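Each chain carries a letter (A, B, C and D) given by its place in the written order, and its residues are counted from 1.
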Amino acid sequence: MAAIGGVFSVLPTPFTSSGDVDPDSLTRVIDLLLSDGVDGFTALGVTSEVARLTEAERDRVLDTVLTHVHGRVPVVAGATAEGLRTCIEYTRRARHAGSAAVMISPPRMPKINSDAVAKHFAEVASAVDVPIIVQDYPPISGYAMEPALLARIARDVPAARTIKLEDPPTPFKTSRILELTRDLDVRIFGGLGGVFLLEELMAGAAGAMTGFAFPAILVQIVALFRAGRVDEAADAFYRRVPLMRFEFQEGIGMAIRKEVLRRRGAIAHAGIRPPGGTLDDQTRLALDRVLAWADVKV
Amino acid sequence: MAAIGGVFSVLPTPFTSSGDVDPDSLTRVIDLLLSDGVDGFTALGVTSEVARLTEAERDRVLDTVLTHVHGRVPVVAGATAEGLRTCIEYTRRARHAGSAAVMISPPRMPKINSDAVAKHFAEVASAVDVPIIVQDYPPISGYAMEPALLARIARDVPAARTIKLEDPPTPFKTSRILELTRDLDVRIFGGLGGVFLLEELMAGAAGAMTGFAFPAILVQIVALFRAGRVDEAADAFYRRVPLMRFEFQEGIGMAIRKEVLRRRGAIAHAGIRPPGGTLDDQTRLALDRVLAWADVKV
Amino acid sequence: MAAIGGVFSVLPTPFTSSGDVDPDSLTRVIDLLLSDGVDGFTALGVTSEVARLTEAERDRVLDTVLTHVHGRVPVVAGATAEGLRTCIEYTRRARHAGSAAVMISPPRMPKINSDAVAKHFAEVASAVDVPIIVQDYPPISGYAMEPALLARIARDVPAARTIKLEDPPTPFKTSRILELTRDLDVRIFGGLGGVFLLEELMAGAAGAMTGFAFPAILVQIVALFRAGRVDEAADAFYRRVPLMRFEFQEGIGMAIRKEVLRRRGAIAHAGIRPPGGTLDDQTRLALDRVLAWADVKV
Amino acid sequence: MAAIGGVFSVLPTPFTSSGDVDPDSLTRVIDLLLSDGVDGFTALGVTSEVARLTEAERDRVLDTVLTHVHGRVPVVAGATAEGLRTCIEYTRRARHAGSAAVMISPPRMPKINSDAVAKHFAEVASAVDVPIIVQDYPPISGYAMEPALLARIARDVPAARTIKLEDPPTPFKTSRILELTRDLDVRIFGGLGGVFLLEELMAGAAGAMTGFAFPAILVQIVALFRAGRVDEAADAFYRRVPLMRFEFQEGIGMAIRKEVLRRRGAIAHAGIRPPGGTLDDQTRLALDRVLAWADVKV
């Protein structure tokens, strides 16, 4: 597999008005985001509402994505689980289905520690031959991985040298991790809705992996930055930060994102699964406003 | 269904040395605990390592339990899930399989609030006609339910008037909840390994629901207490508190419990699934000592 | 006292290179921010590093502020404490020293609940006759106040009808609180570095109370918004969101803010007290860039 | 100073019925516990309600303790603070006042990490020449120190080789820390109300530092254990575990403890400072019962 980098879109899981997985909307999202120029997809991520899917739905979503993408870009599959065994099973299924990599967060467990986390990644890597993206998102795992632990995992587990970093301040932490792993080819993706993408790139990040509903903007920023046209990258970034920040609101971010993708014509129904919240009128009005200002086509 | 009360054993999920679910050990545990006199069982609970089971394993474990128990005592099935839809599906499966009730903890979600929690229980109750045991165990759900919320759920959702209370101080909280629900038939089970059973009963609890590996002790305490022989109940309780406390240690409690059930001849292999920890020699020595003192047969 | 509204600057506490409180820098910050047009100040707030001040330093800082402001604008004093008695003492001192109001967060305590929080505010209000700003910032207090609790406090404690809201999503929560308190004159301030100021105003907020180092921008946005010139307010806001967001980074936000105020000539030394962190070169470069783009004079 | 070991009582801070510090009760507590045979005292600890004392009260309490103890046993002073500078100031005051050691927990700070924690202890040690007891009590500091970090601090900071360990499972963690520090003279005290004292001693602990209201029991257990009379130590321990466990209830433990010390004649008024809770009748009845069973004189 080629090294993973650039802009990966974390795919939402669209549902019908009755709450079932909606594969038609999902394939339309894929087409829309491919036309936006993304370098790859991530399915079954946190913002894919993976925690609210059954296992059968997980399989169905991943199959839909892989079949529809059909190798045009690599697909990463979320494989986080509370138990090692389930994590390995998810990883194996993802590998066999054709995923280019899996994304794994530390298992949630009271009294977990750095040794147990490091061992978890080593065991998965030893069980399945597939690249692992280490997801560093403490609100989900309940465990904050220090730069030294991320560096230790990268050193000990060659398959796990890509990090999705979502523990703020992410640019600062990116620098710290890269300082500790200069001799390794560690690749760091920013997340957090793209809200710190420019600064993450300046600190050495390899790209972004997030569900922001206009990834063409991220693609443009990364391309300009890589071309050394940093002023232009920055301008493109700053002008869209208000939108990214608005979409990435705690608690209602997923609902906003789906509403945007509905407006963009990709998904039929913007609902998220309960107990996830719904948007109120004020939030819709504020969304209208920031979309208009950011001058993006919906 | 008769009202649920008395001593319910939360069943461990035994695994073979290769980590598979071990139904033979599970049925032996059931037989052992039935001979200890328990009033019912709870399967797929937190200490059943339910978070480390696949859905197929969940089904297999529940089927094994229901088939083997064969109606001799009621069986409660854990049905907690992060999404309402999955929670309803688990509840429906449990009902169809023959469970007497389900046990449900608030869904884990950032920014959850009391309205969302109350609605979750109401929605499950409206979807499936089965008694619901509300599990109040904040370390798992990440949300502390105040007595007023538990009372509100009991008032609004008649199917959800049984509470498994594991938010210390449990005797004190039992009193507060019962004060707020005097006009309702709310039933509260203590948990926490039985470590506060006597005080919970004094405060009005209906029994205990826990995985303590010697439930005959709990059965005896509850029987004496109900017979008004409180001094004897207290003596039986206090003499076994050292053992209960030892078994119920954070982080290694499940491993100790399985080791005891192995020594009691019920389970073939005491291992828990990674990343769960294992016992060290000092802990085994300390277990030997407290077992000997508590004068229980293993 | 006139009702508190508009833009209140939360003052940093500048230190000398040897770590002592630096009153000269503090008075220069006040002058600078007054020239920026702020409607008031808040001293001894979270970003004032109040948790790292001794009581003597608290008094010195507040005296310096009140003396130098000399009634030109109202001054709010932080009075949060873990114990009610200390909170009342801080409130009393603040009142006697001439503060227009105090700002209080729920006391940090294991097992705290909504009744205890409501009582805390009622007791302070009954002990000291001074307006109370209820600070809703869960990372500091460890307790998330639901809209219903904030409404209950506003209803029961007339002195506590101003809220500093920093529990995202703040615009959404602002709407919920105002819905529950339509018959009361509840006033809500946004915080969070101003990053959602426009949306908070759209939802009905009365202003902003934050330490953002260019409050003139906030003043302009609020003035335009109040004048009904919402498009202009929005434009002024969106163009500065990149800067606000950058300054308001978790973990290093206070260090960035002080660095900006140093560059603006107000404070002699940008250091924060340990264990607070320091800036790295990458963060300084990124700051240079965003300052240049936002076209603000430093 | 002689090495600290054995049984140290963490002193409560008694208050009068009007909520003032009550030095007469405090000195009576000291006399009572000295007659119980304690090896030392700890003042200004968590269960001393130190978070609810003003600085003047801190000084008054420590002076009262040191003056009244008058060198008969060593006194440890709590010196935890959120800022390094305040921590050093507390440490200096404690040293000058005559404390034998200070007890320090990691500073509470968002985004703190192991480097910052290690540095904090090193800086205090370099500023003041006094033994430091590292307090490992995650609920208070918000940071869980892994065995490797505690070993690193012990290695790097010779003054900080005593640990008050309150992160369960404490016997297991004691073993892990001692394994990593075999070449150093690390001394570990159990806490947690004494509820795991026997197992902590078996794992190598040097004693107990807790506020349990009958320290004579702890003294007896430690003496028997050190004399190699482990069976007797265990019997003395197990028979009092029910009482220790009852006293050490989350949320109301301090209130129970003060009530016991009031019954023992030492303190005039058992109240704790708000927002700390008060006991209900059921809890008092349950206390009566467990005291009677444990056969302790009150």
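Keep this in mind: contacts are C-beta pairs under 8 Å (C-beta built on N, C-alpha and C of every residue); 3 or more make two chains touch, one makes a residue touch a chain.
The model shown is predicted, which means the values in this text are computed figures rather than measured ones.
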item: Given subunit C and subunit D, the chains that contact each of them; value: A, B
item: Remotest chain, subunit A as reference, centres from CA atoms; value: D
item: Angle (degrees, nearest 5) of the CA superposition of subunit A onto subunit C; value: 180
item: Rounded Å distance, subunit B centre to subunit D centre (Cα mean); value: 33
item: Subunit A and subunit D: spacing of chain centres that average the CA atoms, whole Å; value: 45
item: Multi-chain contact sites of subunit A, meaning residues that touch two or more partners; value: 111, 250-251
item: Arrangement of touching chains [line / ring / star / complete / other]; value: complete
item: Contacting residues of subunit A [partner subunit B, same complex]; value: 19, 49, 51-56, 81-86, 89, 107-112, 116-117, 119-120, 123, 139, 250-251, 273-277
item: Touch list for subunit A against partner subunit C, complex; value: 168-169, 171-172, 175, 195-196, 198-199, 202-203, 234-235, 237-238, 241-242, 245-246, 249-252, 280, 282-283, 285-286, 289-290, 293-294
item: In the complex, subunit B residues that touch subunit C; value: 111, 113-115, 144, 146, 148, 168-169
